[in-house]
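Chain nomenclature is as follows: A, B, C and D, assigned in order of appearance, with residue numbering initiated at 1 for each chain independently.
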Amino acid sequence: MIKVGIVGGTGYTGVELLRLLAQHPHVNVAAITSRSEAGVKVCDMYPNLRGHYDTLAFSQPDAQQLGALDAVFFATPHGVAHVLAGELLDKGTRVIDLSADFRLRDADEWSHWYGQPHGAPERLKQAIYGLPEMHRDNIKTAQLIAVPGCYPTAVQLGYLPLLEAGLIDHQQLIADCKSGVTGAGRGAKVGSLLAEASESMKAYGASGHRHLPEISQGLKDIQQSAVGLTFVPHLTPMIRGIHATLYGQLNADPGDLQALFEKRYANEPFVDVMPAGSHPETRSVKGINTCRLAVHRPSGGNTVVVLSVIDNLVKGASGQAIQNLNLMFGFEESTGLTAPALLP
Amino acid sequence: MIKVGIVGGTGYTGVELLRLLAQHPHVNVAAITSRSEAGVKVCDMYPNLRGHYDTLAFSQPDAQQLGALDAVFFATPHGVAHVLAGELLDKGTRVIDLSADFRLRDADEWSHWYGQPHGAPERLKQAIYGLPEMHRDNIKTAQLIAVPGCYPTAVQLGYLPLLEAGLIDHQQLIADCKSGVTGAGRGAKVGSLLAEASESMKAYGASGHRHLPEISQGLKDIQQSAVGLTFVPHLTPMIRGIHATLYGQLNADPGDLQALFEKRYANEPFVDVMPAGSHPETRSVKGINTCRLAVHRPSGGNTVVVLSVIDNLVKGASGQAIQNLNLMFGFEESTGLTAPALLP
Amino acid sequence: MIKVGIVGGTGYTGVELLRLLAQHPHVNVAAITSRSEAGVKVCDMYPNLRGHYDTLAFSQPDAQQLGALDAVFFATPHGVAHVLAGELLDKGTRVIDLSADFRLRDADEWSHWYGQPHGAPERLKQAIYGLPEMHRDNIKTAQLIAVPGCYPTAVQLGYLPLLEAGLIDHQQLIADCKSGVTGAGRGAKVGSLLAEASESMKAYGASGHRHLPEISQGLKDIQQSAVGLTFVPHLTPMIRGIHATLYGQLNADPGDLQALFEKRYANEPFVDVMPAGSHPETRSVKGINTCRLAVHRPSGGNTVVVLSVIDNLVKGASGQAIQNLNLMFGFEESTGLTAPALLP
Amino acid sequence: MIKVGIVGGTGYTGVELLRLLAQHPHVNVAAITSRSEAGVKVCDMYPNLRGHYDTLAFSQPDAQQLGALDAVFFATPHGVAHVLAGELLDKGTRVIDLSADFRLRDADEWSHWYGQPHGAPERLKQAIYGLPEMHRDNIKTAQLIAVPGCYPTAVQLGYLPLLEAGLIDHQQLIADCKSGVTGAGRGAKVGSLLAEASESMKAYGASGHRHLPEISQGLKDIQQSAVGLTFVPHLTPMIRGIHATLYGQLNADPGDLQALFEKRYANEPFVDVMPAGSHPETRSVKGINTCRLAVHRPSGGNTVVVLSVIDNLVKGASGQAIQNLNLMFGFEESTGLTAPALLP
């Protein structure tokens, strides 16, 4: 049994960590922090946790207390983890950061997209990008994990087999992505009201979104050269789920695309290649850590279409964070992450 | 490890049994039947089951095969279980019927409400009404369980402490209930289409609904005399959940209603009395077997209002069925039913 | 053609006034005010108004400018209209207040429920309660209209025929009401987020809600003596609509209830008594000023159930305000309010 | 005042015609047919029509009766209009067909995609494709209109300015489209149930959809040569609305794209080019005949992204049909189509 903490636990990724860790046999949540809600019991804010965490309450963040834990998750807005993560790492606590703070290896690029100086550029080299399907070995020994963003997870897992095999023009990638509203967080914004966001669909950030450089960096790692990516996210009237529709131009005879995908992910516990001709639904992964994929080649032409679905709060955030933790501490990779999706 | 079967597994209560039993350490689903889908793998119909039941397929119902199992769930439309259940009981298989077939003790009343003769009136005496909060001891030794309906569960658990204590006029009960659309089943009906049922609210069956005699029978058991109940169900634009708003007229000084409820349910693993002043949300029980209750006395007047929420597919059907199974086979009552609700 | 203004136009009742008035042949919207959005064009905030109000912009409220108009709507939070309305009335401008500021005749009761002193108690006698089905003649000559709240409209229209006929026990009224989320306004509150309010149902204010005294006052006007009312509102996962389920205990042979309702509303342009046995859906009034009613007597017993649906933003607010304006200025009562509901 | 009929009026495009025509000052709906519902009043099937069509009832289709009308709308499944339309045309009645029956000019291609022989190939030459923004003059004198499909309308209006200007590679078009569930019609299908389609997102027809040849034909008309188009539709959890996200590869310096779009549509009453940087929402056109567009060039690169939203039942079906009717009969083009969208 290890002891973990959660910094910034009032948002959706925080409560999702609690929900999932309630089922984890080897993890004890010893602390959860929130400046604004210190003193409030987590089950008073999140009634689904009644009976699971009846005494755990939000506390002020305290480096001393957190530094005594085995691992600490950061479920904070960007910019918050930079300094505190370093303090904890210095005390030997392993850090799993769900925010964007350590995802980009280039501090200047981070500053450009997030509009503030990077607070811990010296830590960037140490950070491991926590996508197990690409970096499993490094994750096992990592001290600091940058958990991938939700869109980046869905997009990278979809393009991975094609780019590794060199089958598509890496200058012509188009990722049309649809996300449920929890992707925008639990902040009280007019645009996220049920009365505003339901019964409607819209794109946003068409001219540039913060997940673009993260995706590009990840795809470049696979491709070994810079990629040309157009990324358009859309707000979809549902709570959870990301549907990434990925387009690529074939630059060679691709052979059996279905077999390519199945082989690439044959041993991955959380990537499910659906049968040929499938159209995965986001609800098929509601509440679980699985990414389901399908690959199509319309009319046998030059365009390949990959459909990739995840739950943005699980494989796109808290579930993937726990998958990383399992790898870091030598637990079975799927520990605590085995329940089926809630359907219907 | 016991072996169980599911008869009529293509509907929502069937897939919900599979979802929940995937987490049950002592149960193996050995057979699932469907006349219309025989030969189809369950994970092809329900993609959330991929990775959990990769070989299980629907089969034709076969009394020989089912009779060799320890227990069989019926997740069938009404009228189907009457005969087959008897055959299985004769072979020593215990039967947990999620349909309405054995809920009413009076065969004539059943015929009146369901518009057909009762197919097994001789079994009615044997059937135990599977509401553990009322009939736990009888359930433990039962051979045949009639799992309560969804509305009846929410309503009975809400009125139970008040009627047991003799605090309200049992001739003046009003149950205003709101249900998600899965309560109408998975049948392809125009009225259940997203385009018809979302963004709208309506009552139905205001002049008489099949759950009325079941609720009345249960409340009469508590009260020891016939009750006067008005029951109006409403179709609510959500997938899961029942919210019962229960009204009663106090006929005595009720004392501390909050304490009454807390005491009555202190040892119940699946009834959660919320703090005074609470308004439980259906989402707080999404996917779980808990009933959450709150009791109010507006303006300190003569009317008491109980708010009762359940997930109609779990505590209102498949979860309660498993709770019964656990009791019948001597497992810990909450085995397989311990995950927190999915929120948000 | 008359000139009107809207004070506080950024909320849902403001944009709804603009949407409806765009179809009104005799009304020109000359001014719309908002302190926070002054200078912003209304069609930039509400894209559905593009092509209809391409130049109208929010302005600072200015008593001089507003006082030169024929009528001014207040679509403000409570407490705002008290002073400004008086200034406008003194200049001869007729005021139609959609807020709660002039609904209760008793200033002390207003202060009790709204937690602040009433800012214009001397105006209360002048205010006419704008429910045309009860006060049509007074509305025609009114200078100051208090437009009824959304719940009060649905509840009063449902009970009206029964109370007028003296058929039900006025001490035992129960109004179980369900509202879409626009009832909570356009404020950025966590509880109104799609991620929080969709896929869920909950009661609120079970121990006391601000619409209770307003409904009670209205029912008392009908009954000619104080009523005993239990009112429980519920938040429903939809944008628009109120469904009021009203319970009463018959204290006499009611005769033909259907005929009673049909006769009472035979000449009302905005009350539609549905055929016997109906269950009106809120979507059947989406976007329109109609209240649809159905009356049931379950099992021929002593309880009568009235189902009453309105669009909370139209008959429950802006549409009813325009209906009042039509009466005040001698236009045909349904002018600008004749489009069918949007269904599906 | 002209007299019109509707053949096949029970589906969503039928009721939408009735809803819109209720506001049309020059049109009288003299007949509406339905084999299955003959004798039923339209307001009994669609309660939003109560008070608007209190006597109109569905009747058996009768060529004699329909042939006496000025115009007849077909709101039928494909294959139904072929023969009856011809009979009516022979009687001098003008036909506006909302189905796919006359959209493709090549009868063989029609047969290929719709899986049956074309029933009236000799009429194809006569049919005018009813997209006023391309074919206004021909529509005015047409006897037979093929109203464009919903996806084709959104896609063609988005690509039109770019293809006319020769700015994008017409071999590399990608149309990622999202539709509300009414696009699937009012048929009772499991996949369209609220419990199945809400809280989820999925693609469908990724390998080939019937609207593909229609879009390709239309784009070819603009481009004057065959185009290469990948079209992936998605089912979105909302009732109405299409959001088309269109990608093109610039093959020349495009100059000012915003100005290009604004100029092209400057005189179009039903195309609204949003300000630069906009992201149109489908709800901004809920219930109305407008297509709203925005054009983006992410990071100033070679990809152009057009966002195009319509209401699939209005500009994508019944509203466009009425727009055609207005042109054919010399009415002001926007007659009966002037109400603002319902928002929120």
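FYI, a contact is a pair of C-beta atoms (placed from the backbone, for glycine too) under 8 Å apart; a residue touches a chain by one contact, two chains touch by 3 or more.
Quick caveat, the model's predicted, so the values are computed rather than measured.
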{"item": "Chain labels contacting chain A and also chain B", "value": "C, D"}
{"item": "Selected pair, out of A-C, A-B or B-D, that shares over half of its residue contact pairs with C-D", "value": "A-B"}
{"item": "Between chain C and chain A, distance of the C-alpha-averaged centres to the nearest whole Å", "value": "45"}
{"item": "Rounded Å distance, chain B centre to chain C centre (Cα mean)", "value": "39"}
{"item": "Contacts with two or more other chains, residues of chain D listed in rising order", "value": "12, 182, 186, 195-196, 198-199, 237, 239-240, 280-281, 283, 286, 344"}
{"item": "Parts of chain B lying in touch with chain C, wherever the complex brings them together", "value": "172, 174, 176, 178, 180, 195-196, 198-204, 206-208, 228, 230-232, 234, 236-241, 243, 245, 247, 249, 277, 279-283, 286, 294, 296-299, 301, 303, 305, 307, 309, 344"}
{"item": "Chain B-touching residues of chain D, taken from the complex the two chains share", "value": "12, 180-182, 186, 188-190, 192-199, 237, 239"}
{"item": "Complex contacts: residues of chain A adjacent to chain B", "value": "12, 15, 18-19, 22-23, 46-52, 182, 186, 199, 239-240, 272, 274, 280-281, 283-288, 290, 292, 338-344"}
